[in-house]
């Protein structure tokens, strides 16, 4: 539904902060129109307030609320680094929240799959705001239903390819093993970025490699540099359809205190944003920003970082759609 | 537009927290419908994010956002103390936010007057969420445009009848003097409740009396008791049209840390709510809850108290409209 | 296993804060001995870090940790109001934490039932630190396994007798309906204290009455007074075996910000403690303090209140056991 | 040095908040003149930033800074309840801070004694801002050097008459035993108000009684009422010279989270202020407000309460000096 | 008024933290003498508590208070990196706060211009502590009144060269356009450092270039390195008189949460300080550190960073004045 | 007592977080066994809750409690960067807390020396959790009692080689001068890393050099790089017995707000961890992590960083003991 050259634009954009103060007006992501107020859309921002898959600090159920609120600080007219006016190029909407059963992981996954599945028909794309990382499984299912198996670019402190926790097969630490087993991921084309910290067991790493992931540990970024990291990711995904999943705990706890399983030694927000902004060549078909737990945040710094990342994902899609 | 007996109800109510988790779904006040999604309404909840009239700690511009978010904790189906299902009796909507110029008190007052004035035509009523107390002046103007001069019931730690600050005639400490001078208030029928703390000058009290206010100081409530306080208010207002203005700093800082001019020695939230719930006989034509400054709040306790008060004001109107 | 007159005491008591600073030494509740370091015990303090039954703010899984830490502020040698040296009269231990599956309410309930069931054999008693209120069901089962059906004294802002949430029969809002249905509660001898706030539905109150509960709403305490409230509770329970369940949200959010479903208009900590200290006649066979969610606490005030309540429950048992 | 009738006032008062915004200008207590900027004074407010006598949470060394900053919220022109313009009646100054050795309790006590001793010559009085309660000993010494033995009115959660901690004779929990032993206190004319919480040992109470203290426990205030409490204090002190020492932890942690040894079940700020304002008959010769530990405060609520208390002490002195 | 060789020094320096503990004593910036306690000065630190020009989070009116308090942590005897004992070389004073009307931007600007103008006569210099960035305009006027047009070195996340907000010509986002239009800035010799984040409009960048600014975006610093950034700045300013304006939001929100318009992806405090310390060749004639909003700070980290920057600016001036 | 090849392992390891949730179970460091629950040990983690040697913000007495609690986030099975399963290789225990007199630095030092001295007999080693830096002196004494004089590797923002504070010879700012004077340190083999900030006096640096320290200032790390820094440290210590002392304030306040003397411009947690992980060649015989003051922490980020460092120190010892 992107803008048609020669036609007057009918894209609905957020009001400018110079017309309605940023602290006023709609509470949607960057004050985007609600999904049912436009006739069609290219990208839907979807809240997934679910955290029953959390192994340590819960609270990411309040993530969508916090990230939307923090997005008020953004001025989404022009993305300087990507030289784009994304919200004028494609129609982006706020699709509200999925209703996900807080007492049943299985039912919630079904609800998210179904809801996201409806949103992604055609070439429409979903950028989700979590919620804990469990939500990536149904979102991958929805994306794969349109694009087939996907290359995963995964920013996180943790691999999230453990097998089970307490008998539960699908939790925020096991989603990508499940996704691989389901055939949602293309073997040997996925990559973890920012991994760090000790593990329950040495075997966790070997298992992960067996699923065809490459891992760029946090300390490795010092050696690769930003450009090298971008190149490593891009080579990995080639022009395959990519799902980009960003656990906000990829940032150091100094930059993202408001998260459920903080891990010292992480990325700075500048590193993360610079890497993301180098991924313009990716064939991005979906993504999420997860694990913002606002009860642990301070002055919204985690939520602001997450909102900035969501805006960057939207802009990456816009740049490729309407270069 | 209240429910018509014999007709099937067409009132739009918020979704139940047992169907959509309270932490999900619409970000409006208690997830009420937005104003343009129903054909008409009895009461509109209006955000007034404006704080340029603040003399000490600013930040009430984020009050509407915070109170709406905190209202998620409420289960607005049934008000036990008032024995009412208010949102099924009258149509209540969230009217969004006024756009108020943050750099010009005068222009902002005009914008609020105009916006609220449009909302209150017919017998429609506005309950406003501030913003600092400056906003009470334009809201009183709007209410008086429909009902003529009003009796003011004013819960606050401060009189707010000072003359000017730094030459500015209309600030959060001077609004009720301005309102009196404009003829918006009926002489000798207004009352301050919860006043406390030292003053700039002994003359401030005399001036206030000259405007026809009665004052029930915070410590006085111990002597009057809850019932006596209710009686004193009710006698004061008789059946005159009443505007009820609640500065959240009427609560002690322990109950409302998130405010701009906290004053030790205030009311408990139980006292405030019990008094409000005794005001069912009031002919309430408008009201506001102001001075929630979330940057100073903790665990949303101030915003939750304020949201509860807003819901009580709605229920008081519903009870009288549809007893 | 209480102290035998004529025998030298072999009760193990915590070290005094005048010998080991309170901020040092064991991290057990008031630095009590761990359960396996004494030969037997009268009362076991049991942590139940489980919060998957939470409907709004999660985080009570960190409650046992927070309450134990806050208990360091207590000087548990002598309880002045109850005129008792409880830890010298009966052997109290810290039984550590139950392992409760964070991803399965049903499995967790079974684990808690089994663990508590082992602890309560003989006339031993458990005082539990939650965790969310879901844990009361298995704890009631354990207590009833020794004492038969119980009278429930329930301090809370909420009734917790709803039917189901999202199809889940056992959550923190439904436990006492389940307990009643299971025959764990003696009809017409239970009482809720401190209830307040609006409800999803008017029918919730009627249902609750149908289960034989009496309700003392928060505002009602003003009328009854402390003594009247104590009397109402005591009359209700007579000398039946009593389970005392205290949701910390019975306190106003000013006193207990660190909780999952705060409700304005609650009790002060002085009111709660004075009521509890009047319950010396109760035949207390078990109890819990639940819903401390430390991520929302400030300066440990919620956890300190909860720790004080736990110590009061212990002392009430000690007073009756060894008057 | 109080105002002389018939003479033009030469008293230096703080600038009004209507002339210099309260958030600007001098950082002294309520922006009083510094001691060396006036020729003489009646009352000196003295900071005593010392906390090495703390047994649990340290940090009261930052109390003077925090209370001075919070005092900006006060409008010290007119005290309504006491019907006084205190700062126009007597000359009050900010005497800055004592330099007290943070590594030696003994040396610090000597420094405080010496400094305060110089300030209290003539009929000049000191109101001190602590610092932990240890500082009361040297301040009592200074006051007694002018007035002889004193009646102590002591608001606190704790008796502070323990003997020693870890061999240290003078700490924040032992000062009043030391004071009694030194003959600084008049036997049978002192009173503790607000005491609560368990003790290390039953004997602590008996010891305290032996020193001639009467104790009004926190719960006892419910029975006495405000007026009864005032009467009990006033009868106790008669017209003897009184030292009034207020540990901010007399307030409940909800009202004073920012303190070192919080104790649930305390006074509200309204109770404390109403009691203080009833003590106009006291022959007040000195006082302190101690144990504000701002690292644990939130939104300055503890410091604001403490600043209000300091202002009340000043006003009580002014009222008696210049009725 | 710098130290005269051969003459005994009469410069008044702050007391050492080894003599008066840093948490005690004067509340001026690093405990400098107040301006009227010395006969003359070289540099005056001036608080400008004004934030009515803020577009998002207000609160910088409390910035001077917070930065002065945080400056207590500094040991200002010897600046290691700059190898200087600045406060022994030149006389630095704390000039207190400007009184600036909180309700009128225009009047406030006039007050600041007048006050700063008086302070900068002779070769005296002002380093201001904001306050929001609006204050830079009157401070530039004062500096230019002595030195003529200036080169601006501007550290910030934002350009602050927008045109108007809501009709207001002078706000914290428009000051440098106003300054350029007034002829206060030398064309083509100014530089922005640390700029990042999206914009309202693509045209904002072009406009900014039109005013002759060079921009070093935050990500660009990775490429230039610290030395390259220093060089770029130094080349830009040559030996022209420089005004150095530092919006604390140039730091990443992790380093400066306490600010009004945080922007992810910023500088670390080490980067900022290393760049500043490389600017010894600048002909610095004035400067400011603005936008510290302590309500959003944590553990004073923002204020400590700002205080360190103020001390660095002082030292840079001292180094050049008395190399 | 390390694992003997060919023998079945009898090492007691913590329970896995996949068996007992990390938020449940023992409160010891990473849930290690208490010292008296195993027959012997290689490394003891010892809490030293003492902060009476603090010159600015106290509160590190709560450091051991906070670091143990934060250690729950760690998964201590496998250290990826060091390729080790440390807790399976050597027996590590939690030795609880030293009782250290909070009112007497001298007595406390004696208590710590004695307690640590008992723990380090044989080739057993202690890793201490402070507490303020004063504790390093008695810990050095204990280590030197087994190994003779030591090379010190000291990460800190401050030199800690001042002479005295207020006459006190042993405080957190003077310990290493005392240690040098006592002959505990090998001359010319010690190194400070991360030093920054201004000083009381230029002479402080010269004095420090006189004690044979080399200093790598924080900014110097940019020039040396991680590898260069590691090399500089390793060259300095050669194969001498090393004591590794880490003041958490070596991290920037963004990464470690919860500390007593924060200093802008510090290390990131990634830098610190990468340097530590390069020190595998060190002959590490003891160490400490000090100055965690949790009252100033947020979301446990400081304590998590400190816990990670403690785990790294343990792993470094394990790697060398059982490569």
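Read from first to last, the chains carry the letters A, B, C, D, E and F; within each, the first residue is number 1.
Here is the rule we use: a contact is a pair of C-beta atoms (placed from the backbone, for glycine too) under 8 Å apart; a residue touches a chain by one contact, two chains touch by 3 or more.
Please read these numbers as outputs of a predicted model, since none were measured by experiment.
Under the contact definition, subunit C and subunit E share the contacting chains A, B, D, F.
When you average the Cα atoms of each chain and compare centres, the chain farthest from subunit E turns out to be C. Subunit A and subunit F have Cα centroids lying 38 Å from one another.
With centres set at the average Cα position, the gap from subunit A to subunit B is 40 Å. Multi-chain contact residues, meaning those touching two or more other chains, occur in subunit E at positions 21, 23, 55, 61-62, 102, 165-166, 252, 254-255, 268, 296, 298. By the definition given earlier, chain contacts exist for A-B, A-C, A-E, A-F, B-C, B-D, B-E, C-D, C-F, D-E, D-F, E-F. Residue ranges on subunit C touching subunit B, taken from their complex, read 55-56, 162, 165-166, 196-202, 204-205, 217-219, 222, 252-255, 257-258, 261-266, 268, 296-298.
Put simply, subunit F touches subunit D in their complex at residues 51-55, 57-59, 61-62, 101-105, 107, 165-168, 171, 295-296.
Residue ranges on subunit C touching subunit F, taken from their complex, read 19-21, 23-28, 47, 49, 61-62, 64-65, 68-69, 96-100, 102.
Contact residues on subunit F toward subunit A in their complex (touch as defined above): 16-18, 21-23, 72-81, 85, 226, 252, 254-255, 268-270, 273-274, 298-301, 304-305, 308, 311.
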